[in-house]
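Just so it is clear, A, B, C and D label the chains in written order, and each chain counts residues from 1 on its own.
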Amino acid sequence: MKKYSFYIAGGDMRFVYLANSLAADGYTVTAFALSGAEGLSGDVIISGDSSEAAFSNVVVLPLPCDDRRGNLNAPFDKREIPLAEIVSRLEHGTVLVGGMVPKNIKNAAEKRGVPVIDYFEREEFAVRNASLTAEAAVALALEAVNESISKMPVLVLGHGRIGRLLGSMLKALDADVTVAARRYSDLAWIRSEGNTPIEFSRLGGKIGEFKVILSTVPATVLNKDILCFVDKGAVIIDLASMPGSIDFEAAEELGLRAERALGLPGKFAPKTAGEIVKETVLNILDEMGEDDLG
Amino acid sequence: MKKYSFYIAGGDMRFVYLANSLAADGYTVTAFALSGAEGLSGDVIISGDSSEAAFSNVVVLPLPCDDRRGNLNAPFDKREIPLAEIVSRLEHGTVLVGGMVPKNIKNAAEKRGVPVIDYFEREEFAVRNASLTAEAAVALALEAVNESISKMPVLVLGHGRIGRLLGSMLKALDADVTVAARRYSDLAWIRSEGNTPIEFSRLGGKIGEFKVILSTVPATVLNKDILCFVDKGAVIIDLASMPGSIDFEAAEELGLRAERALGLPGKFAPKTAGEIVKETVLNILDEMGEDDLG
Amino acid sequence: MKKYSFYIAGGDMRFVYLANSLAADGYTVTAFALSGAEGLSGDVIISGDSSEAAFSNVVVLPLPCDDRRGNLNAPFDKREIPLAEIVSRLEHGTVLVGGMVPKNIKNAAEKRGVPVIDYFEREEFAVRNASLTAEAAVALALEAVNESISKMPVLVLGHGRIGRLLGSMLKALDADVTVAARRYSDLAWIRSEGNTPIEFSRLGGKIGEFKVILSTVPATVLNKDILCFVDKGAVIIDLASMPGSIDFEAAEELGLRAERALGLPGKFAPKTAGEIVKETVLNILDEMGEDDLG
Amino acid sequence: MKKYSFYIAGGDMRFVYLANSLAADGYTVTAFALSGAEGLSGDVIISGDSSEAAFSNVVVLPLPCDDRRGNLNAPFDKREIPLAEIVSRLEHGTVLVGGMVPKNIKNAAEKRGVPVIDYFEREEFAVRNASLTAEAAVALALEAVNESISKMPVLVLGHGRIGRLLGSMLKALDADVTVAARRYSDLAWIRSEGNTPIEFSRLGGKIGEFKVILSTVPATVLNKDILCFVDKGAVIIDLASMPGSIDFEAAEELGLRAERALGLPGKFAPKTAGEIVKETVLNILDEMGEDDLG
């Protein structure tokens, strides 16, 4: 028999796939606030009442955990279910894992002797998720333009996880890729990856040459001063989390085509995104002491 | 001054871009039945009457030339304009180029001393166009599935131009690509391209493993006998020209997700598709004797 | 029990690996004129006298079959063994396969009711062998220069099998690859493969820019008229079979660094080269009638 | 006129190329202890006496600076030239840059008001140099085996700079690449790069499958306990700096083919390696205050 039992509370299609995948691996899986979703496997037990969470070793909260008003993020359930209520039922012997866990929830659980780990803060989760974002961004770029991607001048802003993977994928499709970064070491990496590095400070003179601009920088690097150099026929896609990279107001005034693309892994590849949550959660459990799991 | 003047009659956005691009190169370009399109450059002369075709060296008909009922293929013009009428105005000294030129039109033109060349039959046109089809098919595949393309088992049927380019692009995105072909030499090429070759006759036992099936074979290779082995969650995309590769009726009965994807270069990359027509037409003109062009 | 028994006569290390690989697959394999080689598997029967060839279904001659003086090409055996002698022992019921089989040997065998098939003329053999040549040429190129291959301007002459595979491998290593060809369709393929096409006729003005020039054209395309434009620091590698692509005398006069690289698959990857012979021979046998094999 | 003058003291061919490249950019360059090398440009001034170092803004010492006995690392000069002597001539207004600068030299220079910067410690230098090492390692791997690299099982130990770049290059040549790492985040990166990750602790059961093993780990990970699982026909290449990854004694006892490959950038690509020193030094100077440069 498998070592852990899981209680999956809320979330979008990624969490349906997560429940199915854990059940297919032979774990006992209970799902709460997911029964409205299509595609939940028959091997997953349905729970109607979150007080049952206490019967599992591991309670999994979605990404993000809450709806910003303190309730469980549960698009497949019409009820408003306070996160605090779920936590109030847990006891020592259960582990709580979640994505972007609010501080008060973390504190409340820990007070009850329930360890809390945020999978969103794990590096391996971030890397693998970045991969899905990069793939989806490639699909968006292919759709956005009326030309071949081959030899097309494309600009990627930022060389973090997404920027790095996105640069490599676009190059693999034979785009003519420039990646903007600030540090000499990133510029060296970009060159070693076969792409053209550019310092952010020199973008002004070059940005007009690009047909597609994909930004991953979580700061308004594309402000009015720089947007005014962008080609009118270009497409700008903002992949950075809110508030994003673009001054959208300025872009509109200038007649530029700019769009926000958020939550791509959940939209383009929910099944793989669910697998990634699963792997990260299993890594977390592997690292925990025997003590924590009753 | 440039050597040739062009008369572009009808066609979709590709031909708008063709007209713009020739004009930008400095050629005298007249457009007929394209004035309804957005984006036609101000450098292109508008012709309201096809009798003016005779004043240009080169008359370019679209791809395909006709609407299957003998009229010019002209989606941006509401009139019905018989192809025969256009040809009846031409005289020796003009060259007619077109895509999939109907036999009777070819004969009629040649009787008038007007040489006719079909750019659709040119190998370089086919290769470059196949590249656009392959790119668009990659975009369709990325959209069609709810998983990462990386390591995904993908099947490409056929190793002609599109199959070969598509296999390489999917591999570049790290898909786990199998390509089906019949000849030993194609199977050897597939392996040398880094993908897994499979003989068509052995597909039955393997086809159930693939999540995405992209067919380029212009014959019903995906009939009921083989479709019954396909995974219910798979997506089948038919890239082959009519009648295509799939027995759609059987696919529907079996509850399979199958779709036809035709005319992809014109839909996904009309600008590059227009460039490809341009380059092919210029190659054709380069090869012609001085004699033919008045 | 396996259907065929093999008699492998002569050849270099490729044929040692061929014998080992067929024996490992469970075939009865006898080797002649190979016992001097290191590494022959204990599962291979040693034959001291070529009259024993008649006891096997399939006699495999090496590539090339002869030493240009009518004897078996057998670098591991000091004797001179006339090919004609081996053939004079064969009878109907045995099949003879060889690489570059001399016409008189073919005739002699066929007169005895022994079908002869030349694996060197098979397209799948040529393609897979070209792959090994391309790989070895990449290794030579990496060694030949004192700079990084990344972004280095490299010229490949010819877009046959080797040229095409070599262009793709160099591009995969991020070289800046130009491929020269004559036909528009090849130029279109080169572009679709992501490299820069150039017509042979325009080489003069560009050839001075390349650091490495790899030629696959079996005709003296690099004559004095064009060699004089080559950079003095460049390296020219001639991969074409004799007489090759380069006027070596002119190259020497001009002080250019030029070298011939022949027989690369046998030198760099004899094991895989042996596998390729095996697969081709098995394909040949698969295609033959039952009749031919006793 | 260019802002800086350079005094290049000692070093191998990389430093000859460095001197030439700086001179070609228009800088005043003086070379010391390099006049024995072939290929030094006529634009470089020759200095016979290191006391002249003080007349330049920037003194560049080689990589490594010394011969481990306190003398300048100068393979092209037969003299023994104490590093301390060179430093004793410098004064405020000159900057000293070097690779792996010994502590006492650094102290001595700083006491004289001469700032010392070690380019070997710069991340951008390390990244770009790793790229050259990876390229050279690919060439070594191609040479080392008697099989095609395509689909060959290759193991890379470590996912630092070299491991990461090497994994990607081998994959680009279609090898079947596994990369060993310890951290979950590295394992996630390896997967996102399209290769197979393996934890070091699980190597024992798998290492026997690989034909080529390339190690980048500067610790004896390949000890007797693990070497005994390696295939007898495999090749092990140690890219890690001394003492390296391999217990060579144990490897010899086991009859394994293992070799050390050190200083690859200087051996395979000295010209590019010199360019990398140049770019790093120019980056260092860009970052320095006006004050430091007289």
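Heads up, the rule we're going with is that a residue touches a chain if its C-beta (ideal position, glycine included) is under 8 Å from a C-beta of that chain, and two chains touch if they have at least 3 such contacts.
What you are looking at is a predicted structure, and each value in this text was computed from that prediction instead of being measured.
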Pair with more cross-chain C-beta pairs in contact, given A-C and C-D: C-D
Centre distance in Å when chain A and chain C are each reduced to the mean of their C-alpha atoms: 51
Length of the line joining the C-alpha centres of chain C and chain D, rounded to whole Å: 38
Residues of chain A touching at least two other chains: 131, 150, 192
Overall pattern in which the protein chains touch one another (line/ring/star/complete/other): complete
Footprint of chain A on chain D - complex, ascending: 122-125, 127-128, 130-131, 165, 168, 183-185, 187-189, 191-193, 283
Touching residues on chain B, where the partner in the complex is chain A: 13, 131-132, 135-136, 138-139, 142-143, 145-150, 169, 172-173, 268-272
Touch list for chain D against partner chain B, complex: 150, 174, 192, 194
